[in-house]
Amino acid sequence: MGGGFSAILQRDLLLAFRHRGEIANPVIFFFIVVTLIPLGLTPEASRLAEIAPGILWVMALLASLLSVEGLFQSDYRDGTLEQLLITPQPLYLMVLAKVLAHWLITGLPLTLLAPVLGMMLSLPTAGYLPLVLSLLMGTAVLSLIGAIGAGLTVALRKGGLLLSLIVMPLYMPVLIFGASTVQRAVDGFPVDGPLAVMGALLAFSLLISPFATAGALRVSMHG
Amino acid sequence: MWQWFHRLGSPRWFYNTSGKWLPWLSVLAAILLSLGVVWGLGFAPQDAKQGNSFRIIYIHVPASFLALAGYYVMAISGAVGLIWKMKLADMVMKSAAPIGAVLTFVALVTGAIWGKPTWGTYWVWDARITSMLVLFFLYLGVIALQYSYTSQDAASKASAVLSLVGMVNIPIIYKSVDWWYTLHQPATIRLTEAPSMHPDMFHPLLVMILGFYCFYAVALILNTRVEILYRERRTRWVQDMVLETPVSEIREGQN
Amino acid sequence: MFQFESLSDFIQMGGHGTYVWAAYLISLLVLIGLVVSPLLRRRKLVQEVIRQQRREAARQKNSDTAQTAP
Amino acid sequence: MSSQAAIFSLKSLAFERDDRLLFSGISVALEPGDILQVEGPNGCGKTTLLRIISTALNPTSGTLFWRGKDISQHRQDYLQNLLFLGHLPGLKQSLSPEENLQWWRRLNANNSLLSNEEVLASMGLRGYEDVPCFTLSAGQQRRAALARLLITEAPLWVLDEPFTAIDKQGVAQLEVLLKDHVKKGGVVILSTHQDLGIDGIRRLSLPLLAEVS
Amino acid sequence: MGGGFSAILQRDLLLAFRHRGEIANPVIFFFIVVTLIPLGLTPEASRLAEIAPGILWVMALLASLLSVEGLFQSDYRDGTLEQLLITPQPLYLMVLAKVLAHWLITGLPLTLLAPVLGMMLSLPTAGYLPLVLSLLMGTAVLSLIGAIGAGLTVALRKGGLLLSLIVMPLYMPVLIFGASTVQRAVDGFPVDGPLAVMGALLAFSLLISPFATAGALRVSMHG
Amino acid sequence: MSSQAAIFSLKSLAFERDDRLLFSGISVALEPGDILQVEGPNGCGKTTLLRIISTALNPTSGTLFWRGKDISQHRQDYLQNLLFLGHLPGLKQSLSPEENLQWWRRLNANNSLLSNEEVLASMGLRGYEDVPCFTLSAGQQRRAALARLLITEAPLWVLDEPFTAIDKQGVAQLEVLLKDHVKKGGVVILSTHQDLGIDGIRRLSLPLLAEVS
């Protein structure tokens, strides 16, 4: 029963370490994109501080989105996905393992890097803890939601940016609550409200996403 | 001339020659660096405006110099490797990348630390600082490419192409970042334009810069030598040389 | 001319001690790393080559005895 | 060919794709020890049939039975008894053959006792256990994928052109492997354009029904 | 001689029309990401207007970057790239054809969409023409530079975001001049200076990129 | 086998990858009308050799000559005379066979006069001209790729396992095609694990030299 779960989790982490870049990549993307912002906008610390919460969250969302595209891609291309579908193990558990691996490889490092980038964008001190907390839960939600989209588009030649189209509307609540958690903290308001909502989103997507993704994969493959 | 060039291209020749130079260079680097550090930390007068935090300059500026110079070392040796298919140049390029990246990192970190007492913040989007950050990314790109290829030959060529493209771009990047910064003319404090420095402050800086150059050479040679050993590990001369290594290391080899 | 009155003065650096020492310490560690990492790599490499040589010598001996046996 | 003894059977299977009938009325009953070779010209539907058998596709009509039970009702149970190797064998290119094998072992609980080394050596991959699969030749990759046959304990093997890219000696070895499997009471369904050197093989010829507008 | 050029150009455009999504995708990505900004930052028109030039340019850059990843990807996977390398035609011309097709599919639609998004972000009137002009040239430069990175990473398992790391530092001058063209126009300054620089960047990258990309492809394939 | 009459020849070719010698001292001289079958067990270096011949890889040492000229000096000229089909045939999955063929025609100027329809029909793809390639079966895709053989006028064909996934009748047809080509003075170099039904074929056996540590 749990054999599939741990086998997949372990293999995905092994694969990520094997192509060393894979772990560093979303993080570096996040880093570089955030440095693009001052170049495009303004180097002034005070103006950067104003937009820092929103920019950090938008860019973390993009980094997560772009990496979720590959979630089932390589398994599909080499036939592993077909094999997983005819494995006598519950598919939703295997999906959950893949999502967990994705979060460990992407969401967690992003969360840990965020304070450094906050510093570079002159984020006020009050914002750091809420930033980390909201990203910690938020990136997990993003991975879970993204998996559904990745499952739906996996068999399409050139899923590419189509995935963005499908997934982004679903990402919006996460972005709104995530960014406003940080913004409220910076403005001196309490943040347990939005954080609680984020927790609820996480619980909800944990319940829904593995089944929806499993269904999406079945549809994609039997097409 | 060509014979000389080819001999220079021989890893084995380089290994032997650099082995003779290395001790002298290391000693020189150590002397210069310790002299510079003691002088800079203890004996240079303190800055009128910045007080003692100014002493960070003795690392910050040499590291920044070498970070930039290191990129040219890397790109030029990459070009030599690409054009003349000189294996040694490829190895120098591969070794230069992480050293340059580390020195860039040192420049960034010391600068950031210096920023706190001076500007009250660890980071500002100053033109030079931003360019330095971009340089850091360029280095990371080359390193990442090096490690992404499985074939060493392809990795060398690919990162040579990238570092060449990067080298062409560095002046453009610097100019554009400079222009971007002057365009915005932000209200924040600008970097102290090296005020006509008092000789008592300047001399230790000079010593440190020289020391960093020597240190860079030592690090580069050390890394290149290991790279040579690694790539030639199956050749006769490396096998023979290993047999002559000190007993202590052989004993390590047993377990 | 030594600029500081006492050792504690030297360490405090007029309130900027943390910054100065942190900068020097981090740089020192990183630069040492630059020298030590090739030395470590070299040592590992030498050990590996020696092990390889030993394995080959053993194989040589085995095949020698195998040839003389029959 | 009494349906009673049959361990696996298809009953009047038909498949239609985009209003094109690929095949219909296919009925076969296999007993333990049977090897079924699905034959026919290119595009006649061999791969499609094998994918239906492996439940990767659903038939338009018809039923499959495993030990007398309709597999659409008892899918999990059936899958436990199945090993399917398609055109794409599901080899992770950046893992080594050994790591791939290990992963298959962990995913499917029913494993043999042979060690990974032994398995790979008998597939002719000695010395290649630890190199990443993308450095293997076409035939070596196939061999790495086929290594699964040696660790599985599933009785039903469904193999789509397993001999692709394999050299002559390898084909002979594989034939022995298939014979051993059916001797132990297993069942093999495979498609191939080559003639097999196995006696008593059963054949299913799919005619080229499909007509394109 | 020119046979390869027009054959490739025509085929790439045909392929793009065949998967209809392909043209729409970068555009839709651009559109959705720009609409994320008010959600993450602020809905206030005046504050949006301030950041509009920079945000539009950063997001156009990202859209271009993400689509350039696929430039040689599918040709590599199905063996076409190998065939192109042994075609008796100059490789740099074929590369140029692919880049031109990429720009027609990505850069041009992005440029045409930008004014609409400018409107949504309350970009002041003076900014529209400079926005379009700078994007018209700038996206071409981005495609040209991106091609080098795409060529270098095409044969790597999981190039993915590695490409971002390689290419983004090279994109920075384009971003700086592009965004500040618009910013200066909004602030009432003349913009011929930055536009001229952009033109120079275009000419320069037209000269360098096809050769560098051809070299990169050779390295990738012979590895 | 006088080197004078040879249209294509290899002189003491060797290839080494990551310090592993794959083959060495390979010398062959082919005259117009020759078919050379490269043989050997999996992983012996057939694909590598064919890729060297097609200039997709560079040999570690040795030289290739086309009409007496060193091809590393006259690469463009040589490539004009070459048609190479590797493991991956370069078929665009979302284009139809006809569109793929048309694209090959445009890319390589030297084309025959047969119409696309005729070509595809004689490859057994009548009725499939206009469907996207990803809906074709494995063998049909191979046929679509092999259709290039009918439109090219290149004298030297280098084919890596061209018979993969092709049915028996298709293999027989292909053999006729190869015979016709060499009868017109062409040269064919191919690798395959199957025995060909062509007389007077020349063989090059690559031994399994490579040793892995």
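The first chain written gets the first letter, and so on, giving A, B, C, D, E and F; residue counts start at 1 in each chain.
Methods note: a contact is a pair of C-beta atoms (placed from the backbone, for glycine too) under 8 Å apart; a residue touches a chain by one contact, two chains touch by 3 or more.
What you see is a predicted model; the values in this text were computed from it and never measured.
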| note | Taking shared numbers over all numbers used, above half giving same and below half different, the chain A and chain E interface sides are same
| Taking each chain's centre as the mean of its Cα atoms, which chain lies farthest from chain D? | B
| said: From the mean C-alpha coordinate of chain B to that of chain E, what's the distance rounded to whole Å? | reply: 33
| request: Could you tell me the distance, in whole angstrom, between the mean C-alpha positions of chain D and chain E? | output: 46
| note | Note: chain B sits from chain A at a C-alpha centroid distance in Å of 36
| query | What whole-number Å value describes the gap between the mean CA coordinates of chain C and chain E? | reply | 45
| query | If you look at chain E, which of its residues touch at least two other chains? | reply | 19, 74, 157, 162, 165, 168-169, 172, 176, 222
| Got the chain B residues that touch at least 2 other chains? | 134, 137, 140, 144, 148, 150-151, 177, 180
| query | For chain F, which residues are shared contacts with two or more other chains? | reply | 87, 93-94
| field | Residue ranges of chain D in contact with chain A within the complex | value | 54-58, 76-77, 79-80, 82, 84, 86-95, 99, 103, 106-109
| note | Interface with chain B, chain E side, in the complex: residues 148, 152-153, 156, 162, 165-166, 168-170, 172-173, 176-177, 180, 184, 197, 201, 208, 212, 215-216, 219-220, 222-223
| field | chain E to chain F touching residues, read off their complex | value | 3-4, 6-8, 10-11, 14-15, 18-19, 74, 77-80, 82-89, 221-222
| said: Please output the residues of chain F touching chain D within their complex, sorted ascending. | reply: 40-43, 45-47, 87, 124, 127-128, 131, 136-140, 142-143, 161, 164-171, 193-194, 211-213
| field | Footprint of chain A on chain E - complex, ascending | value | 19, 21-22, 25-26, 28-29, 32-33, 36-37, 39-42, 47, 50-51, 53-55, 57-58, 61-62, 66-67, 70, 74, 157-158, 160-162, 164-165, 168-169, 171-172, 175-176, 179
